[in-house]
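Lettered A, B and C in written order, each chain numbered from 1.
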Amino acid sequence: MGELMRRYWHPVGLSGDATATPRVVRILGEDLVLFRDGSGKAGLLYPRCMHRGTSLYYGRVEQRGIRCCYHGWLFDVAGHCLEQPCEPNGGERRHNVRQPWYPVEERYGLVFAYMGPADRQPPLPRFDVLDELADGEFVEADDSSIGSGGPQVVPCNWLQHFENVMDPFHVPILHGSFSGMQFTNAMASMPWVVFEETDRGIRSTSLRTIDGRTFRRVTEAVLPTLRVVPSPRVGQFARVESIGWTLPIDDTTYRIYVAGRVREHGELGRMRSRYGGKTWFELTDDEHRAMPGDYEAQTGQGPITFHSEEHLRLSDRGIAMLRRMLRTQLDAVAAGRDPIGAGADAPSTIRLDAGNFLEP
Amino acid sequence: MGELMRRYWHPVGLSGDATATPRVVRILGEDLVLFRDGSGKAGLLYPRCMHRGTSLYYGRVEQRGIRCCYHGWLFDVAGHCLEQPCEPNGGERRHNVRQPWYPVEERYGLVFAYMGPADRQPPLPRFDVLDELADGEFVEADDSSIGSGGPQVVPCNWLQHFENVMDPFHVPILHGSFSGMQFTNAMASMPWVVFEETDRGIRSTSLRTIDGRTFRRVTEAVLPTLRVVPSPRVGQFARVESIGWTLPIDDTTYRIYVAGRVREHGELGRMRSRYGGKTWFELTDDEHRAMPGDYEAQTGQGPITFHSEEHLRLSDRGIAMLRRMLRTQLDAVAAGRDPIGAGADAPSTIRLDAGNFLEP
Amino acid sequence: MGELMRRYWHPVGLSGDATATPRVVRILGEDLVLFRDGSGKAGLLYPRCMHRGTSLYYGRVEQRGIRCCYHGWLFDVAGHCLEQPCEPNGGERRHNVRQPWYPVEERYGLVFAYMGPADRQPPLPRFDVLDELADGEFVEADDSSIGSGGPQVVPCNWLQHFENVMDPFHVPILHGSFSGMQFTNAMASMPWVVFEETDRGIRSTSLRTIDGRTFRRVTEAVLPTLRVVPSPRVGQFARVESIGWTLPIDDTTYRIYVAGRVREHGELGRMRSRYGGKTWFELTDDEHRAMPGDYEAQTGQGPITFHSEEHLRLSDRGIAMLRRMLRTQLDAVAAGRDPIGAGADAPSTIRLDAGNFLEP
């Protein structure tokens, strides 16, 4: 799965996280150092200095790159070694070595990295729902793991969360009856659902009837990890407001970066779940147990759940389709082909169908 | 050893621990969920819901069983699936699946579970010393690990504790001289001891002389884990007052459940060791080191001691006999036979010899 | 490497650490119990009592040795079993068994242990710089890990520290520019350096020019782990003041014991590094990152660094020589020969060259 994940761009921080202070970030099981040099370029380097292995976290960011504290080797954002001050003449063979690095690009307030093979690097995709803004709208980024229903860093495998996107049936149970009404009345009834493959992932369409009209809710799971989920509070009937990237920190932890259209700063952060006026962090252990939400349901499956112990049923069809699509992409990578949405020929813009719609 | 242990009933909690609030208990290396349904029946289920693996700890206890928070499957105390609300018609094939469960029974204020093969399930045994009560006596249960000399959950292998029951020689050293007089003068002298096999375990008889009369103290180690130890404070000369079940939580932790005849509520709890007026929890690290008791001696052997490094001597004969008896039972289980005191034909009542007796 | 280390004496505590209170010490990956019997002899025993495995940490120190708390076996400082009080006649065969032990000797305020083969035991060496005292000088010992630039117990492999002794080039970078001027102006310029093999380790000679005169600084890495480093603050021009033993606690932690010539009690301890008036312990995480020193540079290489990822250059010649010498000694031990400075014929006194010297 790691090789498949590496064929796509992943968010590694807010743009504001890349500064003159080196920052350790963990992505796909690797610890890396994120920084921004004096000319404004963000860099993502392997943390162990290639000379003697000291962490560049203790390095000093300068105009042209980051300098290791131990013997002063200076590296630019692409890992080139610019200075070796303890060597005669500043290191005449310094151009023969290079610090391991990954390419980064910034968009929608996020820093993205590509950790796969260089010759298969896709363009960093744009999304219609974040590019086509109405008057007064702008795009804001959030790193608080909106949608996990819990803390910023969630202690379970990312797929346990991602599958939840294709599981509309849990909504009336977990969110509609179990812990009181977490969302809205419109969501509390059992929907009629269609799951479909798209050219980018799996799409679910949930149909409910409201006052004699059809409430159509479309949710998408876009490969590799994108949750495209309209607001479950259904404040308006409209195309999806935001995209969430489920970042696998490693096999047993994940976090979510979100970018979305807003009209006020901080609007995304206010989407975080609240139970009885309390945030997740303010609940007692007893309240977590008595009022479980997505966090409890998903981490309750353990650090990595056992598919071998599951008993999937008709209502799990979306999950089965998502797993099958992932398995097909794993086979493609193993066979030397590009998985969907990846590779040098991948589309540079993705149009999405998700949203809450009220139909006549 | 795990297979042998599974051939017997073990306590998994006080009766009061089984309630409408699910409780995670750990027994023989397994985490399980204990609860009591609305009709009053206690249940012990595998915690991962068989549908998608979410922990039933987050479930809701109802009249007929426990309901998983994620998709609402309802299970009764024997693991039958009663409802699958996300499925068409409530899940027409729900009777084909069953959540893993263990049978439980309640007695003497404790909930017992049997985790072995169904066709070899023994009756939950009764004990004469807990059934034959004098006027004013009643049976009380305690979960504070009386006899461990330490905390409720003890960080070492259960056998390190259980062997101590057949080690009367340590009493005058560890409890009689090392840490001051932990018990009574009667126990501080080196006894003359006979060890014997019984049909249920090993029995030690320690003889001492008090004022020209013979003080006979009989202690029993009953398989699989029962400590049958008369009060070491010898407040009276009588048959044993209580039975302690040494529960292997897993290979490196254990706890003790006790049931005993008392005349006042809380009488058992007052038996807990005290040194200089302090409980074990109130001692400083230096005091633990300077005044070691059973807890320090047994956990001081490490999480799992190394028999290969021991040098047993004549005074260790009871320990050797107990190990040999356990080994014989391991062989019996491996050969498809029932170990002593187990199997469908096991006795339903056990009579015990233990006590402090003063003889003419 | 462990077998090589065991061919030498290592410090295991200050002399004041060996008392009537047993103390657990960890050396070369082994936990041992250090104590001093009633006659004043220090002892270092394997902690698990050879009888039933209880830790002698809970033992009682007596005139003739240490007594296990569980069954009262008494051992002297050389592991002989003197009493077995639970056995008939006090244990008639007690002379047939022996608790594992290591020889210890005391010198320079430190307790040293030899953990290697008995027939290859070298004399505990003396050092000229600690034996030849000027008027008013005396030798003092310190256990605060002077020279690590960090806490008493340092969480990385000892070799990462020991190599730093043969790395004079890092001084003007790490200590001279990166974190402000940690030492003195004399040390802040890049030196001209010669590395040489000696009969006891590797010696570096750094030459700098001060006011037209030659400042010659000689540092030695003496096998197995001795740092012989003149004061980097260069308060005087003189032979080296102290010796530091880099004790491998285990593969991923080390500490440093120092003995040195002083004129006032506590003089060694005042050598500990300070940054902006704060000790290492008082710095915030941000200050550690912004002002790295030896601790950050060496632990920043990870618990055990990867030589396979390094790129050594000309300025790393001293490190390469030290590694080669260690490898030669590993080969010697493997071939059944004595490594340098070890074996029964090892020199009893070592003369050192290290110091800060000002030459005409």
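In this section, a contact is a pair of C-beta atoms (placed from the backbone, for glycine too) under 8 Å apart; a residue touches a chain by one contact, two chains touch by 3 or more.
None of these values were measured; they are calculated from a predicted model.
Chain copies chain B and chain C are related through a rotation whose angle, from the C-alpha fit, is 120° to the nearest 5. Interface residue usage between chain A and chain C, two copies of one sequence, is largely distinct: under half of the residue numbers at the contact are used by both copies. Centre-to-centre separation of chain A and chain C, using mean CA positions: 48 Å.
Residue numbers of chain B whose C-beta contacts span two or more other chains: none are found. Across the interface of their complex, chain A is touched by residues 169-170, 173-174, 177-179, 190, 289, 292, 296-298, 300-302, 305-306, 309-316 of chain C.
Across the interface of their complex, chain C is touched by residues 21-22, 48, 50-55, 57-58, 60, 69-72, 84-88, 91, 97 of chain A.
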